[in-house]
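Both of the next two complexes hold subunit A, though its partner changes from subunit B to subunit C.
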Partner chain A sequence: MAEERRFLSASGVPIALRRRQHSASCRELAVRGPRLQLRSLSAATSAVWLAAYGLFALCENSIVLSAAIFITLLGLIIYLHFVKIDQESLLVIGSLGIQVTSAYASGKESTTFIEMGQVKDVVINEAIHMQKVIYYLCILLQDPEDPQAVSEVVPLFQSSKPRLDCLIEVYKSCQEILEQRKTAPQSS
Partner chain B sequence: MVLKVFFPSCCSSADSGILIGRWISEQNSAVILAVVHFPFIPVQVKQYLGEVQRVTKVSVSVLGSWSNSKQEKEESLSEFLEDLGTIFCHEPWIQISKEGDSKFWSCSILQKHSKNPQEEEIILVYYDQRKVMLSHLHPPLDTAGQGAEDASKLSAIFDTVARSQILFMTDRYDEGPIKLTHWQSDGVEASIIVELLKQASVPACMLLTFLLSLLSGICRSRVLKFWPLSFLWSKLSTCEQLGHRLQHLQVISSNKKAQNQNQLMRKANIFVSLLIDVALGILLMSWLYRKNRIGHLADTLIPVADHVAEELQDLLQWLMGAPAGLKMNRALDQVLGRFFLYHIHLWISYIHLLSPFIEMILWYVGLSACLGLTVALCILSDIIALLTFHIYCFYVYGARLYCLKIYGLSSLWRLFRGKKWNVLRQRVDSCSYDLDQLFIGTLLFTILLFLLPTTALYYLVFTLLRLLVVIVQGLIHLLVDLIDSLPLYSLILRLCRSYRLAAGVKFRVLEQQDGKPLRLLMQINPLSYGGVVQTYRLPTYSCYPRDSWASLCKKLFLGELIYPWKHKGDKQN
Partner chain C sequence: ENSPAPLPERAIYGFALFLGSWFGFILYLIWAYVPETWLFSLGLTYWPQKYWAVALPVYLLVSVGIGYILLFGINMMSTAPLNSTHTITDNFAKKQQQKKFQEEAIPALRDIPISEVNRMFFLPER
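Take a look at the complex of A and B:
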């Protein structure tokens, strides 16, 4: 069963949160950011090509034009493959672990899987960024030596930066599954 | 509690039978390795499993039953499968059944001695057996040092599949009593070329070891240990590089089999690196010797050296005049300028003396490029060092003069103020001087102070030239280090067979149906390219920078000689 709700990100762009429950102990939460707009793409391309034509008018060398085309194409490919994140999703499988995926605009997916034994908790933290206070969801990893200490903090949804209302929904869904491992009999 | 069943995707279409694998009770998960088909004799199955357990040290046992019925579900078969649970007693007994071509299987568990009678949720995880067997799981880099036995639950699964290789050696054409289905049950594949190479590598390794022992014996002989020669060997970077490559060859040609993954990858990386190096070297050599380019190079070498010497002479004439409008002390200027000019004159005569032999020397030295591109680059760096030897000498003279002047000035400045450096206490103490001591000291101080700009200018100019040469040499050494330490085999493996180098796993949720267990697909998450380079970098013999920027600037200011490149074998001074 899937449901989708619209929210706003920290910078004001509209984002969508999609929740799917695959089974009693498996949930998938995906935050989708806005797609690449045609008008911003054409604006950037026209700016680069106008500059190239200006340079060509100055120095009469046609290499400038081919260089501009090459730079535009290369820049677009690099942007789509390494920079623009379309969708960030969180797959929580009780008793196996938590999987964090980022899907880029070119289709590339980068995934990290954290085993349940390493996860201490999932919390919402506050951070002071320039003049704002922003909230972010993060996974606390357990220190193998000291059960009370936290060895690492893994922040989630870094590029879409949802606001507190969206984060609370995600937090509640995660906690429902994480609580199951506390109620289940612990095996060493 | 949730029960996890790791099922190999190659057994999805296998005929009915019983499931064998390993039960990991701490994680409540069952790793299924193969399916044993009917008909079988339970005693023989137990015997076979006992043998497998003895060889692989993995506790393989019968975990449950698998029924793949093409027609309707047969009642008698399901009762028969339940009865099997009593013969091979295993807690819990897993029963998986597939109807027709349906994707959604039904799983049930039989627990006779269950403490909590509630329904257990079952998660079915499909995995690619061949890829998991061949893959090597890399722990995250910061926990690599600690004992990672219980750090990763997944490593237990990878371990189980990897160590059960002997189980996968029986295929369905074998005449044994047990019929198995696993990833290799259609026939074990092997390549003739790989087998031939393995056979040929043993005598090749022995021959190489013999040759290398001869070579290292010659290198260590007493003849080469006399003072001028040993000094020369330690200064030339070509000899360092050749020694480094010799070490590499010794590692490859050793007879011991690699103990673990790291050693195997290191051997493979060294081998591929050497191969590429020699191939590039031979390419360079063929390019140099075609159209007699090396002759042209030798012909242009003397004019270039002459040109550099002329430029230096012009520079000294400029310094002897009024450089940049500064007024120099005439007498000191003339002395230093003439001294350096005479030095350059000596150098030019020396180069002209050598000029008939240059072409022949260069021709034979160029042949050694076939030993590798790194050796050719080191030779280039050494040639640059030899050709700019006079710049190095000028730098040393200028630096020593300047250093003496600075020390003299600081000591006389202390005298000027009535203080003295106490060597015993390593601090500045006040001291009462005699009148004539003070007079001469002040005089000398004034002389040194007013001569400072001249010396400082010469020092500055020659230090800049020396730094230029050092930067060029440094770039060449950086390139040599890059070729030496890049793990090419690991990078090519990551490109072509990315499942062999795993950073972790990733799960994909497959289609679900209500009432059926959760279906997941486990795939291998390959290590990133940066991670591959960091894990499998080959160690090199040099490490820089030796000094931090602050201490470098301090040394330059005080006039101490700087040697920016440190080799691992050098002692700290």
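Take a look at the complex of A and C:
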């Protein structure tokens, strides 16, 4: 069962949240950002090539033009492979753990798995980020020695930065699964 | 006790500073404008170069301008990153003691854990 809803990110770009329930204790939440726009790609390419042509007009060296083409291609590949994140997804499997996946525009996927024993809670925290106060979802990891203390904070959906309405939906879905581990029999 | 009321000592300090700052300003103007030959003829030969009468104010103003940018940068650097536990708790909250609950009294002030706050805000009341 899958459903998709449209939201806005913290900077105003449209994002889409897709919720899939695989079973009673397994849910996948994926936030997809907009694809690379043709207009921003052509704007960046034209800017670099105009600058290179201006430099060529100054110094009469044609290597500047070939270097500009090379830099544009290399920059595009690096951007698509290391910077542009298309989709971030959260797979919550009750009693097993939480898997966080980031899919880049070039197809690369980077995954992190946190086992349920380490997860204290999934909360919406607000913090100052670059002259703005934003809400963001994060996983609180607990200390093995002191179950009450939070040892680490793992922020989620860092590149798509959904707003509070989208975060509340994700929060409610996660809490429904996390509550089940309290009622389930404890295994030590 | 410390109070902002005027006192005789404060009046004397204020007047001494007033005289001192006027004296310093007149001295600076003499150093900057009076020609070197006149100062030499008076016997004052060991004053710094007049170059510094222009250079020091310029240095001061550039430092003030850089100070604005530096303060902005220091603030940004000391803001806790999104993945630090300082956004959730701090030493005072970790070491706080639970006060006993008294009937019909206002509950004592304490730091509420973030999980509880989230449940109250975002989960519908049951």
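We take it that the second predicted complex is superposed on the first by the 186 of 188 C-alpha atoms of A that agree within 3 Å, B and C clash if a C-alpha of one lies under 4 Å from a C-alpha of the other, contacts with A are read in each partner's own complex, and residues count from 1 in each chain.
Note that in this section a residue touches a chain if its C-beta (ideal position, glycine included) is under 8 Å from a C-beta of that chain, and two chains touch if they have at least 3 such contacts.
Remember, it's a predicted structure, so these values are computed and weren't measured experimentally.
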Fit or clash between subunit C and subunit B when superposed on subunit A: fit
First (subunit B), second (subunit C), both or neither touched by A:Tyr171: second
Three-chain overlay, vertex subunit A: subunit B-subunit C angle, C-alpha, nearest 10 degrees: 80
Which of subunit B and subunit C A:Val154 touches, first, second, both or neither: second
Which superposed partner A:Ala127 touches (first subunit B, second subunit C, both, neither): second
First (subunit B), second (subunit C), both or neither touched by A:Tyr136: second
First (subunit B), second (subunit C), both or neither touched by A:Thr112: first
Which of subunit B and subunit C A:Ala24 touches, first, second, both or neither: first
Subunit C versus subunit B - closest C-alpha approach in the superposed model, Å: 15
Shared subunit A contacts, counted only where both subunit B and subunit C touch the same residue: none
Touching residues on subunit C, where the partner in the complex is subunit A: 76, 79-80, 82-85, 87-89, 94, 114-115, 118-119, 122-123
Subunit A partner contacts - residues on subunit B that touch it in the complex: 1-2, 4, 25-28, 116, 121, 123, 125, 143, 146, 150-154, 504-507, 509, 512, 518, 520, 525
Subunit B partner contacts - residues on subunit A that touch it in the complex: 22-26, 28, 91, 93-96, 99, 101, 111-113, 115, 117-118, 144, 184-185, 187-188
Sites on subunit A touched by subunit C in the complex: 120-121, 123-125, 127-130, 136, 138, 140, 149-155, 158, 168, 171-172, 175
